[in-house]
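Naming follows writing order (A, B and C), and every chain is counted from residue 1.
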Amino acid sequence: MAYSEDDLKQDLVDQEYEFGFTTDVDSEKIPKGLTEETVRIISSKKEEPEWLLEYRLNALRVFQGMTEPDWAHVTYEKPNLQDIVFYSAPKPKKELASLDEVDPEILKTMERLGISLEEQKKLTGVAVDFVMDSVSVATSFKEKLGELGVIFCSFSEAVKEHPELVKKYLGTVVPSTDNYYAALNSAVFSDGSFCYIPKGTKCPMELSTYFRINESGTGQFERTLLIADEGSYVSYLEGCTAPQRDENQLHAAVVELIALDDAEIKYSTVQNWYPGDKNGLGGVFNFVTKRGICQRNAKISWTQVETGSAITWKYPSCILKGDNSVGEFYSVAVTNNHQMADTGTKMLHIGKNTKSTIISKGISAGMSHNSYRGLVKIGKGADNARNFSQCDSLLMTDTCGAHTYPYIECENSSAHLEHEATTSKIGEDQKFYCMQRGIGEEKAISLIVNGYAKEVLNKLPMEFAVEAQKLLEISLEGSVG
Amino acid sequence: MLKVKNLHASVGDKEILKGLNIEVKAGEVHAVMGPNGSGKSTLSAVLAGRDEYEVTAGEVDYLGKELLELNPEERSWEGVFLAFQYPVEIPGVSNINFLKTAINERRKYFEQDPIAAKDFLKMVKEKSALVELSDKLKNRSVNVGFSGGEKKRNEIFQMAMLEPKLSILDETDSGLDIDALRIVAHGVNTLKSKDNATIVITHYQRLLDYIIPDFVHVLYDGRIIKTGGKELALELEEKGYDWLTKEEA
Amino acid sequence: MVVMKENNLLSSLSQMGVGLGAKNQAFELLKGLEFPTRKTEDWRYTSVKKILKKKYVQFNEAEKVGLSNEIVPSLDAYNVVLVNGVYSKELSDLNFPDEIVLDTFPKALEEHVSLIHSTFNGIAKNNEEVFTALNTSYFHEGVFIHIPKKVKLEKSIHVIHVNTKCNVVSNVRLLIVADEFSEVGVVQSFASVNAMECLTNSVTEVFVKENAKVVIDKVQSEEPKNNLICTVQVNQKANSTFKINTATVSGDFVRNGVNIEVDGENCTSEMNGLYMQKGIQHVDNHTKIGHLKPNCTSFELYKGVLSDKSTGVFNGKVIVAVDAQKIEAYQQNKNILLSREATMNAKPELEIFADDVKCSHGTTTGQFDDEAIFYLQTRGISKESAKKLLIEAFADEVIDKVDSEELRIWIKEKLD
């Protein structure tokens, strides 16, 4: 008998979170809640210098004067900050010289995620900075990178080893006054990644970080700072998965990219935090501020595949300050069940001859809501600026929603801006054509959706593209309405 | 191979097929002709299992199975192939990936292992040569940006790859220049054997010069109103449909 | 009310004329509403500060004026004229067919109480739009048009608003009720003669019943230094057609709101707009179409040419409600900036809650294609003429949406 829509719906409902498991590692936590004391504890535990403590405390003061924002089409119960543990580091926390020293439980976790360090090392030559509940556990390929002068380490390590760089650039792209969650992050960030590519260096391998939220009730506040010095190039991968949890977990990261003259940064994300169950229970709140600044002739390219989180609020942005700089944003966002995603980008054209491209593909299924929200601003001095935006939405069920809110502001007559958006149902003709050729409905949908997202998936580095494709398939299995 | 008895089908409230009968045996070529809107594409869509068309009466026996009970992909696995009058574009999905998926899904149905990459590539090379489809087109997204003629050739290429038992070609000749017509016809003729059958839907006698039918049927207002040999096509070319439809009225 | 220090607008107004419960209700509502600031999402690109700061005068008697420029030559229409917001009997046509009702508000209220009570203020968004609430509270003149069942009015109705004095404030109201199977075309024009610093706040409610057709052509050619706020609220029932074309030729501050609720199946809705601002003029077009029922189509095309230091705003929202399947909604916004100092802000939005839909929007902002200009130059056309030609061609796409040729010619003349 034919695979009916009801079967498909049932499949969807039954589909469990593939990576939903918890690693059994002792964690060292500090008491719940957010006060000046919390901030001081975090800072002292990490043995931070005075200036950084000051930075955190300033941010805390800013934060305390702010109110949590409300957004259209994203409704949720606001996380109670007093109920969150702001710091949790896996124990034992000691310097690790090689992977062998990593807790076998953690290695097992990684294996189940299909990202075992060994495998990755062997097969792809990727250097991985693995972050488990905010503290960097193992960093590989460090020496090899060291020879080139590339610094790739945990944020706390950078504070100790390269304070001058951290001090110079921290908060220059995302000031702690930027928004509610950026202020929060600036006050309590636990750890993250730091990366510096020296002048004229082309980083020979993809740098990669895997984030995972492990400890129940832990807020995760990573901080990433990436500096590409003049004429350098780096491709950075960031992947996230979180184990299944019944209570909502807050994730408020800040990522700052600095591309100096003639530098190029390619930043790719595959985000698969736990989305909550079919009833909308649990799941990660993903409130992230990502922004990069481009100096002369520099280029920043954001690519993201977002399939996870109960709520995603994320606008990787580019400040195109230098003349001839280029910003790109390629995004695929899939929402299913009760997920809500509000994502997009901001392209701020300041320099002359700046160019930006935005390709956004939203796919909504179940009862989810998927919104694109973006800003393209052409400043007065941005002569000959160019922007092209294409925002498409694909609807899988009659219970989901897809929304598009682009803001286009142009203050310079020599600019050229083009924005296009479409919303439509998955094509019946296409489905039937596939089926006539013997491709079943499920497979047909996955084929069509992957084709639809191709433009973006193509921008991902090879190793990621396969995983992303798999994630799309998993998130949409049986999502026919 | 195919026995269609008293087939009635409608879209919404509109009845399009009104008691259609046709029988096709292995090794035969049948041509179906008829004025625009008479129901030719509807017939092919119903045979392929498009669910917009509701079958209200009649039965279809295909190799001893109730064809109407099967869903579209099962029909495909069982050897029914439809060359679409308007082939569908699928952005981002390459022709090659599309065909490989199709072939492997069928192999799965027959509990065979997926086709080896080497064999698949060999097959692609061989079959695309048959319809002179360029390499560029094979790697492009399914039908996206193909010219009308290229789309039709791609349909025959797919047909060659899937090796069907019953092929229904819905106006595969329209939009083809004379060379392309010859290429397509050559492809169809090469694939012909005593075990498979072809239904050719067309408006023009010229295709039938290349693909020689054993029977010609005239479809009018949802019914076959006349059946004859290949000379019927010539007669239609000359006289049009009026003399037949008047008779009918 | 949140009393703004600089809100002279409110103190310039006094309630008079029409006695309607709705007015008092709106007045109460107004007390709780705030005037928009840049933080109000719907007004983020348009500041009303200047308008609120000014002192105005409210008129209650019509001026006697000549109207040669404000009447569309050879347009077959019944003219209804309001001077400084007050109905002018002398300037208006009085002999229209018996079957239609074309009346000014105070009078209509006496003669058609029940009809007005069942429609008037029924769809105006007093609680969301402060300028609508303001209009409902303070309007004292306006026009009521009722086209009964099956009546197809051959001639257009041309409602002419003209200001002839400085600092005039007027809250004018239009109510159009098109009954089942009826058809009507309404032209609404706004102009001023030797007047400056005026504010016209116009609210129009349109009821398009089953199978009816209503077309509105708005022509806005206020002299510079005048301010205009125009809100059109539409309700469409099944199988109906509604079309509105808005041409903004001038005016220092123009804000147009068009809000259509499509509350029936098989409807067609169309919104077109052209704005060609110069100097420091500011034009803001806000449109919203809510598809509440399935099987409808809507089209939208707004185009702008901005010179000097002018600014343009386009905010178009398309909403497809849950279960409103088989909707096709298309929206386009195209802008040309002719000067370095001109600014354009565009915000096209789609909110889709049904799955079987085809919706798209597109917006472009840029300048002329140099290739095209060069091409024309090689054919012996000077650069200046080439630009002019291209602007005309650009504008024509919208002007061609106006059905009446006389009106098209009139608009083109005004644009020159």
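The rule is short, and it goes like this: a residue touches a chain if its C-beta (ideal position, glycine included) is under 8 Å from a C-beta of that chain, and two chains touch if they have at least 3 such contacts.
A quick note: this is a predicted structure, and the numbers were derived from the prediction, not measured.
A.B. asks: Just list the two chains that share the greatest number of C-beta contact pairs.
C.D. replies: Top-ranked chain pair by contacting C-beta pairs: A-C.
A.B. asks: Grab the C-alpha centre of each chain and report whichever is closest to the global C-alpha centre.
C.D. replies: A
A.B. asks: Distance-wise, how many Å sit between the C-alpha centres of subunit A and subunit C, to the nearest whole number?
C.D. replies: Chain centres of subunit A and subunit C, defined by C-alpha means, are spaced 44 Å apart.
A.B. asks: Using CA atom averages as chain centres, what separation in Å is found between subunit A and subunit B?
C.D. replies: 48
A.B. asks: Please tell me the distance, in whole Å, between the geometric centres of subunit B and subunit C computed from their C-alpha atoms.
C.D. replies: Centre separation, subunit B to subunit C: 55 Å.
A.B. asks: So in the complex, which bits of subunit C are touching subunit A?
C.D. replies: Against subunit A, the touching part of subunit C is residues 45, 322-323, 325, 335, 337-367.
A.B. asks: Any idea which subunit A residues touch subunit C in the complex?
C.D. replies: Checking each residue of subunit A against subunit C gives 73, 393, 395-425, 481.
A.B. asks: Flag every residue of subunit A that touches subunit B in the complex, lowest number first.
C.D. replies: 2-3, 427, 429-430, 432-441, 443, 447-448, 450-455
A.B. asks: Sort out for me which residues of subunit B touch subunit A in the complex.
C.D. replies: 48-50, 71-77, 81-82, 84, 87-93, 97-99, 101-103, 105-106, 109, 141-142, 158, 162
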